Each structure stands twice: as structure tokens, then as C-alpha cells.
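The same chain A turns up in both complexes below, where it pairs with chain B and then with chain C.
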Partner chain A sequence: MTDTTERSDRTLPAEGVGGDGDGRRLAYLFISPLLVAFVLFYLWPALNTLVGSLFRWSLLSPWNIARPDTWDFVGVQNYVDTLTSGRFWNAVVNTLIWLVVFPVMVTVMSMLVSILIWQVPRGGALFRTAFILPMTISLAAAGVIWTFMYDPDFGVLTRFVEWAGLGFAVDWGPLTFQTADWLSNPGVIDLGFTQIRFVNLSLIVAGFWAFTGFGVITFTAGLTAVPDELVEAAKVDGARTGQMIRHILIPQLRGPMTIVATISVIFALRTFDVVWVITQGGPAQDSEVLAVLLWKQAFVFLDSPQAGLATAVAIIMSVVLIGGAWPYLRGMTRVAR
Partner chain B sequence: MRIRVAISMVLVLTLVLAACGGGGREEAAVESGDTAATGAPDATTTSDGAVEGELSVMFSWTGSEQEAFEAVLAGFEEANPDVTLERVQIPFGELNAQLTQQFAAGSGPDVTVVLPGLIRLFAAQEFLMPLDDLWAQWLEDGAYTESLQAIASVEGTPYGVWFKGNVNGLVWYTPERFADLGVEPPTTWEDFITVLDTMKEAGEEPFAVGGSDLWPLTQWWDPVLAEVAGPDVFNGLVDGSVSWDDPAVVEAFEVLGDLIANYYPADTLDRGFVEATCARVDGAAQLQLQGAFVNLVARGECDDSLVPGEDYAFFPIPQYDDSTPAVQTISGDLFAVNANTANPAAASALAEYLGSADAQAIWAEQGGFVAPNTQVPSDVYPDVNDQQAAELWPADPSVAALYDLDDFIGGEIQTVLREALQQFVRDQDVDAIVNTMVDVDTRIRG
Partner chain C sequence: MRSARLRMLVLYLGLVVFALLWLVPVMTAFMTSIRPLDEIRGGWWNFDGATFTLDNYARAWDQGLSSFVLNTFVITLGSVAVTVAAGALATYAFIHLTFRFQRLWFFLLITTMIVPIQLILIPLLPWFRTLGLDQGAMQFVGIILVHTGFGAGWAVFMLSSFFREVPKEMLEAGQIDGAGHWAQFRRLVLPLAMPGLVSFAIIDFIFVWNDLLLALTLLQRDFQPIQVGLANLQSPHLAQQDLVSAGAILAILPPLVLFAALNRYYVRGLFAGGTKG
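Now for the complex of A and B:
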């Protein structure tokens, strides 16, 4: 312990890194390579995107900051066009479904699973591995797997529903739902001004399967930090399992909960792989989320100069993402302090 | 604290935007286009006129089709031993995006497979080499018709060469089941509807469609539009001179809507093209309106014991109205030459070869191929289905060759049409699909 303290004293100024002139210069020297890489490969493209959203251009007629003859400045018109586009708002609704359902699903389910595994006296590692394993494959591969799962002929889900006799269809006014056609027409809630299409839920389940391992890891780490004496004291006081979870574990897991929820929000907002592989945003535009719309505008709608619109969507997504990441960032800076 | 949060936000915003941003493109992309003119064919041509050097060729075929194309390329290499071909295979679904990025960056392949929609876009950017001399010779020889040249051209200048043809608007059926139902391949629209009704009355599913793959729905739209509205309206939609709310187009949507409402299977949007093909082969459905390539797919993907002509055959979709001119919907793959190729002589030679009867006969012999070059003899085709499909190829100038509409238009209109057709399968709302297309196709409004 004494040795460690002495080593720290030799390498760090008493007031921390950058506390005096030499230390500050040294610190800047150390981070300068990273800073250069950050400016070149992150900051510059980001600024390029931001400014590019103010111009009309496409991949075939690119906007170039060094060539004024390529400038077709439109100001905020790309944002106006985006925000007045029915296609954009359709993508917003589908993305909102992801933003609401996915984080709740991941956070609640992975916390419950982690607590259950935590309480299992033996074989916990086996269960954890089972939940974490899907994380090891790419989201595109997960999409392919779930395409098979939902297959109307030989899909596991379809066959299970048939075998278990769970097939049914509901048609209650604005709500229609059926335990079939998972990717083409599982149902819809018609709100009049918009529709909540259940094909998005089919995709969210696939994303949840691929992502929930992250939640399990994070909550498991949080559970290991719960003081044993706290749990033992609760047991001695006669707390039942439900009370223990509610009054001991959940309060102790607030930190992991914030992290899992925030990362899930970020994942949900930028989700692309699973949607693209399984439905490509279809049928029609039923599952088109913002990231898919952005991709189509940039790389599919090649005949019209829409890259400016795509960058406008990217900027809007980023702003929303910052809002979603706000609790996490606050938490991180709090930890840093 | 606030400063740290603000810095964190800037960092996150930067990272996200960096991930989303395409950034500006290099000058090479837009300044190019004149390299072909300044290129030095002599540098890649030997003293005896043979070509040499390295050449990249991009294509999207896989499996047995890739093997067939490799055999075609081998023929070129055999004839031009001093040329080294670099083969670049790109999945079909990524072809347009990959080509666009590569050509825009000035790093496109020397010769590439391409659809007419992209030819038009690339030609406008001067990315492609004009091929007037080749086409002048082919027209003179009678190898191609002027309507085929028009499909490969932009504003009168040909930029593409035909390589792999396909005839659309073919209704595939199983002769044995037709015999069981007591029906014959129909030759009029009325007979066609009668056959469909007979199937329904017998408890059979008339059609297999495969609408989850999007593009099979356009295989329905094209022949219905061509038959109902005629070639002028069809080509007017292609070039943007006819609006989607034209009465003839509306009528075509109504006809298609009736077919969907009365004869489409309920799971149209649940199954893709291959599943639909196999559903017809297995007897789950009786008919499939598709292209000539089904001849290869049915055996390759569903049942390799099928005998073409006996176990499965096709009839052309009947004329909707006898008064409309003869039309044939087609599709196919063309090749174009990069205007900035470092080896223009060899690239042109490869393009000429791919458009020749010799090259196309190599694949035609292997099946699943309709040679666009009319000089490929019909006896090279390995079975009766391919032979009959090849006979439908619009070699006769009096038959209007109508190229696959959405592939020809490309871009956002193509995507929206495909998506709108999926929605049309669900609601058959003619007004809605017409309005959707009018909104997205702004060409006629300028």
C-alpha cells in the first residue's frame, strides 16, 4: 500500500494531471496523437456532415467544400423538406416504437434474468452464457436467424404456434392482431392520425434477442457489487424474495439500470442491421426506421440529389440521440468527479 | 460539471455525425469523364492489333450463373491471352450502391454489368464510354434492333451492350395439372380469366407471387401495364412524359387490382420469389407470372428432376385488348465501359465480345439464358422452354421491346413503386397508389 502511494506520488502531481505548466504540457503531449486522429477522422467528417446538410447534393453530384462550383446552398431547406415529408414521419413513428419498447424490454427482462441467475445456487454461469451468446454474433446474422424463425412455412415460431394451438386473430375496432404473418402483417393499432404496426415488434424481438446479453452482463456486474451483509441482514429480518428485489436489489441497481436503458435507447435510435436484413423497412414502409430511411436516401435514391436530406436526417437523429444519452452522460461525469 | 457534460455531448455528437457523414467527394469523381478521350489505346494494343493489359470486370451472378459467366470470360481470355481479367463479384442487391460509390470516387471497374437506370445516371455524369461504333456495326448486321439500342442509350448515344436477355410476362404452369383441370393455355384475356375461375372453383390456389421480395410484384405490373395501356404509355412512364394519373395507367392499376383481389394468395407478402416458384412446382399454386429465368430456378432450387416442357411450361400473358399493338416486356443485364478506364482498348474489346453471338452462345448452351443477340442460333438452347423463350425475344422490329419499367427508371421512383405495389396488394386502393406515384415522380412537373 505504501509502495503504491509512493509510485503515484512520483508520476502524478499532487494536484492532478495538468496541475502545473510542465504537467499540463506533458498531458497535452500524451493526448495529442489521439486528438489528431479525433480531429481528422471524427471532427472533420462530422463538420462536413453538418455543413453538407445545408447543401443540395448527391453521391453522383457531390458537394465539396474546396470547390465552390459544386455548392448548391439551400440553407435549412433540407430540414424543412425532411420535417414536412410523410415518409420521414412514418419513419419517426416506427423509430419511436423502437425507442419506447426496446429499452423497456431490454432493461426489465435483462434485470429480471440477472436477478434470477444471481439467485440460482448452481449453474449460473451456464445461464448467463446462454443469454450472452447471441451478443457474439453480428446483428446481420441475428437478422438472418430471425428471418428463419419467422418463416411462414418452416419457422420455429410458426410451428410452435401451430403445435401449441396458440393461433388466433383479433379484430377489435382499431386493433387487429394475429399470431401469424409475423413479418408481413401481424397486426396494427390504427390511431387515426397514424398506425402502430406490429411488424416493428417482430423486429424488436430479434434486436432484443441479440442485445439482451449486454443487459445481463451489466446487471450481473451490478449485483456482484451488492454488499453481502445487506442481503444477509434482509434475510435475517425475514424479507421475502419480492421484498428483497424491490427494496434491496433494485435500488442497488440504479446505476446499471441507467447504463442499460441509455445504451438501449442509443441502440434503438440507430438500429439498422436487423431491420435491413429482415424486412428492408417493409412491407411497404411499415418498418422503415430513420436509419433505414437515411440509408435509402443516400444510397438507393440515386436519381435525385438527396444526400443533403440524408445528412439532415443524420443531424436530427444525432440531436435526439444526445437527448437520449443525456442521463448517461450526466451519470458518467458524476462518476468522473 | 456542466462543462464536462457539454464536452461529452460535443464528443458524442461528433462521433455520431462522423458515422453518418459521407463527406465531400474527391474532385476526381466529377472532373473525370475525359480520360477515355485522352486515354491511349495504343498503349494497350499490340502491333498486331490484339489487346493486352489488366482489366477489371464487375458482375453480380452467383452459383451456376457465375460459373456460366466464367465460361464466357474464359472465351475472351482465350482469344486475348495478353489480357489479364480481374473478376469482381458484387451481390445484386448491393450493385447499384457499390457502383455509384466507386464511380463517384473515380475507382469504378473497367467494365461492369449495369441496368439501364444506372446507365442513364452514369452517362449524365460522363462516367461511361460511348459505344456508337459497336452499335452501328451491330445494327447493320441485324444483330440487334433499334428498340434494343434505345434501351442501352441515353439521348441517342449508346453506352451499354446487351449481354443477358430475359423475356417477362410468362405464365408458368404444370401441363399435367392443366390436363387434370381440363383447361388449355389461354390465348385471350377472357380465356385467361376463365382458367383462373376454373382453378378457384376446383379449390386450387391460382397464383404464386412471392411479393415479400418486392421485385416479383413489378413482374406483374409491367406486362399488365404494357397490355392494358400499350407501349406509348409504358415508355412515357419510363421517360417521365406520361403522368401516373393518366387514364390508361389508372385502368392498368384497376386491372391489376382485380387480379390481386380475386386471384392472389393471402400470403403474397409472406413469401419470396424462390418460395413462390417452389410453391407452384409443388402444386400449392397453379400459375406463376414471371420471367424466362424460372426455367433455371425451378430445377435449381425446387426439383432437379423436372423436365422442361413436360413437367413445367409457360404461355405468354394473353393480350388484354386485341387492338393494342404487339408488345414484349423484357429485362436483362447490360455491360458498360468506364470512361476513365486505363485500358480503353481492352475494355472496348471485352464489351464487343460480350455483345457478340459467340459469347452469348456459350451461356445459352448452359441454359437459363436468352441471348439478346439475334444471331445466336436457336438450336444452342438446351431445352424447349429456353428455346421458346428465346423465340419471344423481340428480334422483330415490329414488336415493341419494353424494358422492365422500374429497373429502367431506377432511384427513388423505383423504390417507391415497389413499396407502393406491396401496399396495393393489401388494399387495392387505385387512388392511393396513383397519388403515391404522382407525388414521387416529379419529372413531368419539371
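Now for the complex of A and C:
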């Protein structure tokens, strides 16, 4: 910013930006359209969520900061109720399945595909397009499409399993699994204190299909930055493909790997559309993730005053995300300055 | 030599298999949408005596899809226009001017890229009622402004990486000629950063077009976009895959066309967003 100051001091004192009144007024003219929308429709609602999480209310009789008759102050009770509710922890487990499985699938698959494409001399752009294309598809449409894929009567997956004779079912103690009923009852691992339900994996596959293109784009960018000399030197030394990938590509791709993993963790924690369209959190609450639970609390159970609970869940989700993504966030702020 | 050729063959085979696998879901939706429902029950890959028809589209269109599509265009084009215009102005100020709380504002804006939209979702409905944005066409104004507020962080973050590429010497030359900031913004920065603006506009278009959560929460039936229509049509108990698939293809098409036409800008914009992080 210092050079800006010097420049304008030299040439345009009337619009100087060294902090005098005119310059600042001009700056506010430039930023105010965006900031007005941002303050009115982002900061203010966010603040309302934060404060509203300390009150008991529903959307039929919403808590309103300007009307004390709507205030039913309960302190941290919404948080206590949330953290002691079985349904919340059920949603936490389902979200955790997303958080672990989704980023791993996305990162591994997109890195594999990018490295494969990187090695072929021709047609790379064409292959890449096949993966990037689903990225432009809405997650709602992706949900619809995967409902077709999983359809118990005429879904591609169901028919393929039948045709290839891959159908089987296992029941080994805590583990049950079957290659059918992908959305209603594909199986479960019963850990005693909680259950890992495979219906979540069916949903994750849909998200994975839609999101892998992002990883392909990011890894491709990383691969073009790998110095040619490094690859050539390795070839001269007689390195085999496997060695080259392990010792040269993977270390070089550490940056893109962090980005893809971070963004897919964020995606996984916020996931709503795919789940909502395919199962609405069902069967029962088997695939209910935090975002779906929150939405139901606020907008489905209208008669019981649960909006306060929903805002508490929103705050918990935000705190976890900001906390987890803090280094990333700091990095972005630094780079962009 | 032979082993090198074999290796290439295996590589290409692997890639073809992966790419085809990735295309199966879209193929499924497309084939379902252009064949009668009773034929689909035998599997869309079964082409014995297949009939291809646009009848599903015609019926879906008559049964409300037309208004969903129109609403989506209004919301998306409105949001993109407002976000790009306001975002470009604000980005100029962030880069070329100084003002109070600049760093704080920047930090708050960037934070919106991480924070889940659920943070603002619940109080928005009563807030719309207070502002009178919950009735009739005012709902469009409301959701466009929410998309602007939510997209503000992305706009400033992505556009600033493009705006910074405008050479400082050019700006200095402009200032010596006595051009004010407004003239500089319009005559120098905007034209030079146009590829960046296009990139961001495409990404924002696809983002807003594909939004389900905000529209589902904030809009009444007659003002909902196609994603909400899809989500509501989708039900395991109703056998209407013919209509739903036609709706899905129509929901996919505009972003896809945009992507196909301006692929380079889209990927470039994602690079700017992804690699700079």
C-alpha cells in the first residue's frame, strides 16, 4: 500500500489516499455496494444466529432482537441440549464418515487420474473433460442421477451386479453387508457404542463423482509446475515409473494435495444437497448429517421451538470449520494481501 | 521399445475405462429422458426396438418446468450481474486505495469462503419478513442480495488475483495524465482484467444456478428455481423417472453449455481460486 500513497501524493492530491477524508470517502464509494449486501445479508444474519442460539424460539414465532416480548432467554441450554442429544451424535457420526471417506476418495482418485493423464502424450484434455464435466452439474441433479443408478429395479449398478454375478451378502458378527438395496439397507458395522452405516457410503460416492474434477484441475496445475529437468534426470538415471511417482511426483504435489484435501473436508462437513435429494437423511436417521439435521430442526419441525437448537448446531459447525481451516484461512489472507 | 508401447496401451486403456465410468451417470439421465418410461424399466442400455422421443421434455415443460427454468435464469443472471459489478468495484478499492478497517473487512470477507452457509440460513427467513422481501417478486431481490453477500468473499478473493496482474506502470502513467480513480477503474483496470471478470462470472453463474439450499429455504413455490423443483419431484414412491430425468438434463444444460463454450476461463478461474490458496 505504501507505493500507492507515494504515487497519489505526487500526482493527485485531491484524491490522495494517505488516509485523508477525500480518499477515504472515495474508497467507501467503491466498496459500499458490496459491503452493504455483505453486512445486511451476511454479517447481520450471522450475528443473529450467534445471539439467537441463546434463546428458545421457532420460525413460527421467531426471536427478534427488536421485540423483547419474543425473548425467551435460555443461556447455553441449546448447546447443552444439542450436545446431550442422541440425534445430534448420530448426525456427528454420519458427518464423520463423510469427513474421513470423502476427502480420501477424492484425493486418491484425482491424483491417480491426473498422473495417468500427465503421462500420455495425446488426448489429455479430452480425458480431463470427462472428469471436470460433472463439476458443473448441480448436486441436486447429481442426487437425482444417482438415485437412478441405485434404483433397485432398473439401476445400472443393481443390474450390473446381477449380470456379473457379483451379488453377495455377508453377516460376520458386527459387520453386515450386501450388494443390493444401496439406499435402503446396504449394511452396517456395529461398534457397540455407535454404528457405521453403509448407506452413507452410497451417498458419498455420488458426491465423489461430482467433486473429483476439482482435484483433477488442481493436480494438473501442480503437475505442469514439476520441472522437466527433474523428470528427465530421473529417466536418465533409469528410474521406473513407480519410483518416479513415489520420489519425484508425490513430493512435488504436496501443495495441491493439501488444497484438495482441505477443500474436500470443507465440502464434506457442509454437505446437504446430495443427502437431501437422495434420502432426506433416511432411512430413519441413518444418513442424517449435521446440515440436514439443522435444516429439519429449523424448517420442518415448525411447531416445536427448535430453531434455537438449529442455530446452536450452526454455530458448532462454523466453529469447527473455522478452527480446522484456520491455517488455510490465514494463508489465503496473506497471499491475497 | 515394445514394452514402452505396451505401457502406453495400458495407460490409454485405463484412462478410457475411467472416463467411460465417469460418463455412465450422465448417460443414464440422458437416455432415461429421451425414452418412454416403460422401455426404461428394461434398462436404458437395452436398445431392442428402442424409441427415442422428446415427449418427456414436453410433458415436464407443461407441468411447471417452464416456470422453474425462468425463475432460475432471473435469480442467476441477477445475482451474477450484481456480484460481479459490486465485487469489481470493491476489489479495486482493496488493491488501489486505503481505508479504515481494510484488513478486518478483507478477513471477514475471506472467512465467508470457509464458513458454512448454515450460519446465516436460519435467521434469514424472519429477516426477509421484516424487510418485506418475502412476498412476490421481492423474493428475487432478496435472494439475489443474499447471493451477493455470500459470494462477496469469493468475488474479492478471485478478482484481486486478476486485478493485481494489471501492470503498475500503466496505472502510474494513467495517473500522471490526471485520470481519477473512477476513470482508471473503467478505462484501464476493467478492460485489462476482463478475462478474470469472465472467469469469475462463469464460476458464480454455475454456483448460483446450482444452489439448492438458499432457494429451498427462502422462496415460495412459484418463485423457486429448478434445483428445488428437482428436489421436490424426486421421491422414491413416485414412478416418474421420465419427467425427473428431463428436468435433471435441463438443470444441467445451461452450466454445461457455458462450460463447453468458455472452458478455458472456467478452469483458469478455478486455478486462481485453488492454487493461490
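Heads up, the rule we're going with is that the second predicted complex is superposed on the first by the 290 of 337 C-alpha atoms of A that agree within 3 Å, B and C clash if a C-alpha of one lies under 4 Å from a C-alpha of the other, contacts with A are read in each partner's own complex, and residues count from 1 in each chain.
One rule holds for everything that comes next: a contact is a pair of C-beta atoms (placed from the backbone, for glycine too) under 8 Å apart; a residue touches a chain by one contact, two chains touch by 3 or more.
Model, not experiment: these values are computed from the prediction.
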Touched partner set for A:130, first chain B, second chain C, both or neither: second
Partner chain(s) touched by A:67 [first = chain B, second = chain C, both, neither]: first
Touched partner set for A:230, first chain B, second chain C, both or neither: neither
First (chain B), second (chain C), both or neither touched by A:283: first
Chain B versus chain C as contact partner of A:306, first or second or both or neither: first
First, second, both or neither for A:100, with chain B first and chain C second: neither
Chain B versus chain C as contact partner of A:175, first or second or both or neither: neither
Contacts of A:296 with chain B and chain C, given as first, second, both or neither: first
Chain B versus chain C as contact partner of A:325, first or second or both or neither: both
Per-residue touch tally on chain A - higher for chain B or for chain C: C
Doubly contacted chain A residues - partners chain C and chain B: 38, 41-46, 48-49, 52, 59, 62-64, 153, 183, 270, 294, 298-299, 307, 310-311, 314-315, 317-318, 321-322, 325, 329, 332-333, 336-337
Parts of chain A lying in touch with chain B, wherever the complex brings them together: 38, 41-50, 52, 59-67, 70, 152-153, 181, 183-185, 270, 280, 282-285, 294, 296, 298-304, 306-307, 310-311, 314-315, 317-319, 321-322, 325-326, 329-330, 332-334, 336-337
In the complex with chain A, residue positions of chain B that touch it: 1, 4-5, 8-9, 12-18, 20-27, 29-30, 96-97, 100-101, 103-104, 117-118, 121-122, 124-125, 211-212, 214, 267, 269-271, 275, 409-413, 415, 419-420, 422-423, 426
Partner chain C, residues of chain A touching it in the complex: 1, 3-5, 7-8, 11-12, 15, 17-19, 23-24, 26-28, 30-31, 33-35, 37-46, 48-49, 52, 59, 62-64, 113, 116-117, 119-120, 123, 126-127, 129-134, 136-149, 151, 153-154, 156, 159, 183, 209, 212, 214, 217-218, 221-222, 241, 255-256, 259, 262-263, 266, 269-270, 272-273, 276-278, 291, 294-295, 298-299, 307, 310-311, 313-315, 317-318, 321-322, 325, 328-329, 331-333, 335-337
Of chain C, residues touching chain A in the complex: 7-8, 11-12, 14-15, 18-20, 22-26, 28-29, 32, 40-45, 82, 85-87, 89-90, 92-94, 96-100, 103, 105-127, 130, 145-146, 148-150, 152, 155-157, 160-161, 168, 172, 175-176, 178, 180-181, 185, 206, 209-213, 216-217, 227-228, 230-231, 234, 236, 241, 244-245, 247-248, 251-252, 255-256, 258-259, 263, 266-267, 270-271, 274-277
